[in-house]
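Naming follows writing order (A, B, C and D), and every chain is counted from residue 1.
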Amino acid sequence: MNINNYPEIKAGKDFISKIYVAIMLWIVGRAIQAASRVDKEVKKEFAEFPADFMMCMSILPFGPHMVVGKDKNGKVKYMGWNPQGKKITLTMNIKSMAAAMQVFTFQESTTTAFAHDRFTVDGDIVQGLAVVRVLNIVEVYLLPKIITKLAVKRYPKWSEMSPLRKWVGRIIIYVRAFTF
Amino acid sequence: MQEVIGTNNRMLEIDLTAKKFQVTEVDKKDRDLYLGGKGLGLKLLYDRMEPGLDPLGPDNMIAFTMGILMGTGAPCSGRFEAITKSPLTGAMVTGTCGGPFGMAVKTSGWDAIIVKGKCSAPTYLYIDSKGVQFKPAKGIWGKDTEAAQAALLKEGAGAIVIGPAGENLVKYANIASGHRFLGRGGIGAVMGSKNLKGIVARGNEFKIVPANKKKFAKANKRFFKFINKNPITSGSYRSFGTNANVNLSNASGILPVRNFTGGSHGEAHKISGETMAERFHTKYDTCKPCAILCGHRGTINGKEHHIPEYETIGLMGSNLEIFDPAQIVEWNELCSKYGMDTISTGGTLAWAMEATEKGLIKTNLKFGSPSGVSEMIRDIAYRKGMGNDLAEGSRAASKKYGGEDFAIHVKGLEMAAYDPRGCVGHGLSYATANRGACHLSSVLFSLEAYLGMASPYATRWKPFMVKFMENVLSAVNSLHICLFTAYAVFLEPPLIKLTPVPLIKQLNQNLSLVALNLMDVSLWPELWHAVLGKTYIPYLGMLKFIKAGERVHVLERYMNTREGISRKDDTLPRRFLTEGRKCDQKEHTVPLEKMLGKYYRLRGYDANGIPKKRTLKRLNIAIQ
Amino acid sequence: MAQMITVRIKFFSGIDKELKLENYDPSKGMSLSIPSGKRLKWALKHAGLTDFSSYAYFRSGERISTWSKLKQGDEVSCLKPSGGG
Amino acid sequence: MQIPDYYEFLNQAKIISGKKAMEHIPFELRGYDAQKPLVVTSRALSESGLIKKFIGAFKDSAVTLGGIFNDVRDYAGIGLARDAAFLYRERGCDSIIAVGNGPEVDVAKAVNILVAEKTDDLFKYFEGTPLKRHLKPLIVVPACCSSGMEFTNTVTVDNRSLTSNFLYPDLAVLDPRMTPAKSRDCVAESTVIAMAHAVGAALTDIHSPMIEAYAHSALRYLGLHMTKGLKKPGHVETSLALHNAYALAALAFSNAPAGMVHLLAVELARATDISAGKFMRILLPYKMAHMMHKKMKIRDELFLALAGYDEYAATPAKDRSRAGVERVLALLAGLKGMMPETMKDLKVPKYKLGDIAKAASARSGKRYSEADCKTVLEHAWEGRAF
């Protein structure tokens, strides 16, 4: 029995997805920070979180991360991509790079991804669900309607979010997210 | 002494249940289409037996056919054929034997004997020119083959008997005639299931004279000249017997070692023909009449014993990693007394040793040590303990205890002493041989490994070579004449004799169609036509002879497919498809799938290996 | 001087008797040291064999002809051809 | 639903089914704190490119595959299990993934016993020594066809079988990239095996709601998707649904006593080297006809599962059991041309039926009398109705 006929196989690397997901996480992080100032619903959601709220969304096992939390004076800030050195109160892990690609290429909406067990949440589940609602709103702002319809469970009608508020919010968020 | 010109086509049909017999005539058309021997026997059973019956039941029949060359003085024509449905493989089996029984029956004026039904009590048959007498065999039932043979030979010139193994329905029991055997496929068990201990024939009542004496004498003289000139038949066989192959197989890496894991072994020369000839100062002990003289007898620690043939040395010697010739002679003697086929016994013992090694069964058998082998052979013959399971053959035993991947058999028949990984063309022949893993279906290993006339690992022209050799050898088995004459007939004609071997190898490799059709095998059909007094047309007669061989082979295949044999059975043990031999760095395996499809197309079979209607019609085989 | 290689030749089927080799051991055969690059035919002549054509030559399981080159540590079996059966 | 009498039911395996299911294996392995699985698969699968897809699923994960042992063909032998165990120990693996069906899973389970119990003698567990503790994590990824035995707690090595609750796989992954079949015969065989197991489980004499539930949904899936699966074996969704049916049927079967159809089919397959699926297709109709003939109760749930609620409500109560049998026969009729109908077509010699019946009834622990087995076999041989 010659064991060299059966070589060991290291896990391959898929750089494109990794870079794509890292960029998306960066944009969403910055967008959350911008939305928390512009959109009143997001502000309301974040208001209920405790002062030391620090959330980290990452892709297992060593995928890119996104850290968002409240800084000293209670404002929500995008804390960069490295969770070391920060006290994380809520972790939302996506199980694999492929699952992340499903979510970030909008083949599965965040809520269906939750239903398909793509996420694991360490920490208070109520906060987790609140973060999902925030993500939905941020996606409404960030992306055109035809895409967001795939990503969100129910696209807000005009009564909930008037087109004026949506467009104004969208412009401000884009400005804030992409200017340092 | 009356005279028979050519052949008298008389046949005996014996019904054991009703204790009656009937004299019938061999149909002229059958004689023309199927020649005699194996072909005629198959046709007789094809007309009388319907498929799906129990090989050990009363409806199974055995056909003994004598062939038309017997008694005419042709070289090596002292062999007869037996055909029946094998209990070991569930398909048809044909065997040949050189014992005196054939000559005795032929000179009692019979061309073929068909035995059917079952006797209520153990009986034996006495045959003479007038007919058959049913005699009680109480006295000799339970006796070993030598004692039973001695008792029967008081009443006639030749006899066949079964040993205790046949009586206990051991699936690979054989039939003894003199010290020669009808070995393969368990024909002895079929006789045992009919309570038939043996048949003795009075003999010496007729003299067989060829119809066209002048032509026969001319062809005969040329045949003897070829045999005595050919280095194989007159050289290595005459001096060392079939065991001349031991060193050759060892050198070409196809000697079975340790249940076919290794291809050669350092100590193999200890059991080679040369060493045994020296140690036991051997003398001739052959079928009568024989021109090649390959059988030998020797004095081993004081007593006269028959020297075992190459298959026994391979399967009960190197395959069990035993390299003491005296030990193998003792086991060969045991198997002959109990009436058991040494190839199947060796194959099953090798499986048992590997199964014990891997913990599947509990026996004290171990590779390399002779302890427990003689007791196990006795247990198999009398079906005691583990012997009862091993008596069913290595296929059935591996189905019950597992270890199917190292049970070395095809269709249930244990493999002969050539490892197909060293001659892949022969691997195809093992898979497609009608009676199972038989080396005599197309003796391709000698072209590939011994004579170097084809490259051992190439697959391109091999399906065609297997088909051509199967056809020719089926025709030869239907004359009947000993297959060893093939070396003289193939290799001695001037065309082959003069071309150097490497050139033949290139020819076979690239233009095999042309090369094989240039083979001049006219000697056999010339003898056939001379005995029957028919005119022989030089080239067309040979083609008709080879076509008869194809008809015999395809008929046997067709009868087998009616018993359920199909492509799923045309395979090799997994050991040859997955592992390499220990002695071969490149670890060659047998690429069977690459050759099987082409072989079926050449043969006119469909994708599942069943002969197409068109093929049967072309060969005018009547479809039942 | 050409670089010498050692080669072992084993004789079977009574050939060692014909060559009248004394105390020939079949399992080890006869070892020759010959210049490298020499063909089998040369080595056999060196060993005293005269007529080559009627014998079969094998090296590590494959049949070779008299004019194939020999390499260091080769083991060649030389024996009379036989049929089978 | 009757009041359930005493029963026990265990389903050890966690089942992941659906899109990108294989990508979850690294996460699950982290759950068993295993990072270096040994992969056992067959030569055919590794040549068919499915193994490349399987390896691709491990991209960007912390898992290194200890080795792809792809020597398994169509027979699970102790020699293979020992070689794989040697590779497992040599590479220091910590879990086993079996990719494929039947023999591959059997070899994987045998390796699991050998490495977890640190022994070389596998067959002492077949002769009585019980398995006492949980073995290494075992993940099963079925591909193309299914022998129906992947999810069960039985391992068959060298024609001997051992049943123990530690032999259940820990995780079964049904991924639509692996499930499409290559040929219609392989779908036909897998569906027939699942059908036989599910019907056998549904009609067992002991009444257990768990077995009922599994068998019911297995039959419902088969009823809906079998015909389409036979027409288009490569259809992804149908093959995924069918594989779920195979899993359900296997779990129901392994918790219920083995049915006569299964026992006879295994014995026949061993005696004639023809796959057990073909015999199940032949024996199933005659077994049910035999039960009707002997007036044994055939539960209405069979008809309910195969026909659906409205048709069930429409048929009068007394015809429901017969309608159930007819619906099964209708499904089997869909296999015309792919599978032989009687044993005569398979050229099974008649004289062998006697000892096959004896062996099957012995294996069933005399639950089925030899006479019953013999009658079913004879009727199936000639194709004669009751």
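Here is the rule we go by: a residue touches a chain if its C-beta (ideal position, glycine included) is under 8 Å from a C-beta of that chain, and two chains touch if they have at least 3 such contacts.
Bear in mind the structure is a predicted one, so any value in this text is a computation, not a measurement.
Between chain B and chain D, what distance separates the C-alpha centroids? Give it in angstrom.
One centre to the other, that is 43 Å.
In whole angstrom, how far does the Cα centroid of chain B sit from the Cα centroid of chain C?
A distance of 35 Å separates the two centres.
Counting in whole Å, what is the centre-to-centre distance of chain C and chain D, each centre being its mean C-alpha position?
That gives a centre separation of 60 Å.
Counting only residues that touch at least 2 other chains, which ones in chain B make the list?
Touching at least two other chains: none.
Draw the chains as points, connect those that touch, then say whether the picture is a line, ring, star, complete or other.
line
Okay, what are all the chain pairs that touch?
So, checking each combination of chains, I get A-D, B-C, B-D as the touching pairs.
Quick check: in the complex, which residue numbers of chain D touch chain B?
Touch list, chain D to chain B: 71, 73, 75, 77-80, 82, 121-123, 157-160, 270-274, 346-351.
Where on chain B does chain C make contact in their complex?
Touching chain C: residues 231-233, 235-237, 239-240, 242, 244-245, 247-248, 250-253, 263-264, 266-267, 269, 272-275, 310, 418, 422, 439-440, 443, 445-446, 449-452, 456, 483-484, 486-487, 501-502, 583-585 of chain B.
Which residues, counting only chain C, touch chain B once they are in their complex?
12-14, 26-27, 54, 56, 58, 60-63, 65, 77, 79-85
Would you mind writing out the residues of chain B in touch with chain D in their complex?
Going by the criterion above, the answer is residues 51-54, 57, 90, 358-360, 398-406, 562-564, 568-569, 574, 577-578.
Under the definition above, what is the set of chain A residues touching chain D in their complex?
1, 3, 6-14, 17-18, 59-63, 95-99, 102, 116-117
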